[in-house]
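The data blocks that follow each hold one structure.
In the two assemblies presented below, chain A is common to both, partnered first by chain B and then by chain C.
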Partner chain A sequence: MSIIKVNCINETCPVPLVETRKALRKAAEGDTIEVQGTHSSSKKEIPMAVESMGYELKSIEENDDYWTIKIQK
Partner chain B sequence: MSEKATIILHSGDMDKAYSALIIGNGALAMGMDVSIFFTFWGLERLKKNKLESGALSKMNLFGLGKWLIKRKMKKSGVASLNKLLDNYLELGGKILACDMTMDIMGIDKEDLRDDVITEYCAVGTYVQEARESEVTLFI
Partner chain C sequence: MENKNIYLDNSAATRLDEKVLEAMKPFLFETYAVASSEFGYSMGIKTREALAQAREWLAKDISADAEELIFTSGATESSNIAIKSSVEKLSKKEKNHIITSQIEDFPVLNSCKKLENQGFRVTYLPVDENGFVDPAQLEKAITDHTILVSIQHANQEIGTVQDIAKIGKICKENDVLFHTDATHTFRRLPIDVNKFNIDLVTLSAHTIHGPKGIGGLYVRKGTPLAKYFDGGFQEFDKRPGLVNIPGAVGFAKAAELVTEEENNKLTNLRDHLINRILDEIPKTTLNGHRKKRVPQNANITFHLVEGESITLHMDMRGFSLSTGSACFSNSLEASHVILGIGGDHERAHGSVRFSLSRYNTKEQVDRTVDEISDVIQKLRDISPLSNGSEQNELQKEKIS
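Presenting the complex of A and B:
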């Protein structure tokens, strides 16, 4: 049960979505993926992808500089 | 079975290759299976070292427009077509090359990126894949 961090700060479409998917493919069952990014549409779209693939969205947080999305595989 | 997206890339223009690969990557990232059919001018982009060589579909201005857009894309952090293709393949996307176009345009297998091509095929394969796809696009 490890935590896998994905840094997508300053990346734009479609990189955050693609890097999230790559991390999810590599993760083991029970791992948590923590994606950080600045691209605003990806903040909406990563949860859509997570839901459609049946993974668990644990949280979406945002501060002044970036957002953080946590997903459980 | 996963949902599926089937994309035809008929154009050889740089911006349209971006559209095809961005949509392809997006669909893969959202859990779909994806096939991109490279046909006619699109097939030019599958030649060795030619993925990034397309002109801009509008305002290319003999390459000046393309240069300006490329510079802007770099500044905005847009991935290169080569990077998008690498990700597309890593996520299991399929690349299909139209063999009829190869015949009429005199393109041999040796001219193409054989390492990235999943299959050489014709319209029947496209129709077969498209009929079981939720999304199909002609670019």
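Presenting the complex of A and C:
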């Protein structure tokens, strides 16, 4: 089980979701995907998409510069 | 969820019908020789006969003679040949004008643009709010310099069907060639090249459960056509190169398998999908005419959300949809078709094309509507466009 990091800092919609989908497609069962970004709409729509796909949303963290969404496949 | 994919992008590509594959197989594994004359060996004669049979079936369906139909690699090649080769042959100093519409598919539009860059004059006719070309405006645009009119039979994105009989009549009366791209109408709507006065027709197998990489071009007997490629003398000396015989056989079989009953089923599914979406999802607009559209196409703008976001979320839920035509869906540019019918960038970016096929069911359509309804609601909840914006009263009439 590995951790796959996806850097979407300064990318805007729909790129973060496209990159998340790409990472989810390549990940193995049990892998964790960590998406980092700055676009506020993406922070809302990635969890929405993850939920609809039936994957586990582990956390959404935010600091002054970017947010991090952790997903378990 | 991904394994139970519901595919509604059949205007881009369709699933091959097993019966088509069965018809093609002998020409891939047993009778695979190049078509040859009576003086050649038996295997080549057999392939020639199969090719002739396929050609005859397809030609007859549009009321053409077999020798008026040439096989190509698909719609792009057919439209390129139809436009560039006819214009090359007929262009003279005083003959340098082409007429098309603003919402044509890219093979036609870009062929015209290329000719424009080479010094030809091109008129890109506007269309009305449903996507119709005004025949009176077309007639007015024809001059003594006009060589060719290229107006599609139906639109690739919004499905609007043009009155090609009327357009053909105008072209004939004014003695200009008429080409139509029938990629999205062949076997879905009747085409009669004689009744409609058409000189050149683009056809393709990929929209009717046939193989990809095979198409056809109808060329009326006597229509001047320069040779597009240099090579041998195949396809009546109009299109050199090894003929794709399995493809041609598959194309004819695919065409044969499309029935009126299937087209009626698709029309009902299409109307059911449109009615449910317009009834159940607020702030939606149907793009294209309600009835004068191909049986397999519905195109709807979901206001206040991006089409790309919708198709992405739908994909992640197991539904294949597109935001525009196949050529267009790889880019994030606004659809020239939606802009052409008077839509603004917001309407163009929020449009989604649903294109149906033989393999879609009412249950699948219902599941699609249920799911897209949920996606739209959630995307609107988080959309910055939704917050505090004034909403127009949008058209929501039900199809009767």
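Keep in mind that, in the parts below, the second predicted complex is superposed on the first by the 73 of 73 C-alpha atoms of A that agree within 3 Å, B and C clash if a C-alpha of one lies under 4 Å from a C-alpha of the other, contacts with A are read in each partner's own complex, and residues count from 1 in each chain.
Everything that follows uses one rule, which is that contacts are C-beta pairs under 8 Å (C-beta built on N, C-alpha and C of every residue); 3 or more make two chains touch, one makes a residue touch a chain.
None of these values were measured; they are calculated from a predicted model.
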Side-by-side fit of chain B and chain C on chain A, or clash: clash
Touching partner for A:D31 - first (chain B), second (chain C), both, neither: neither
Partner chain(s) touched by A:K22 [first = chain B, second = chain C, both, neither]: first
Partner chain in contact with A:M48 - chain B first, chain C second, else both or neither: both
More chain A residues in contact [chain B versus chain C]: B
Touching partner for A:T12 - first (chain B), second (chain C), both, neither: first
Segment of chain C that clashes with chain B, given the candidates 43-51, 241-249 or 295-303: 295-303
Footprint overlap on chain A, where chain B in one structure and chain C in the other make contact: 13-14, 17-18, 21, 45, 48-49, 52-53
Of all residues in chain C, those that touch chain A in their complex: 1, 306, 308-309, 312-313, 315-317, 378-379, 382-384
Residue ranges of chain B in contact with chain A within the complex: 22, 25-26, 28-31, 76-79, 84, 87, 90-91
Residue numbers on chain A that touch chain B, as the complex places them: 10-15, 17-18, 20-22, 25, 45, 48-49, 52-53
Chain A - residues contacting chain C, complex: 13-14, 17-18, 21, 41, 44-45, 48-49, 52-54
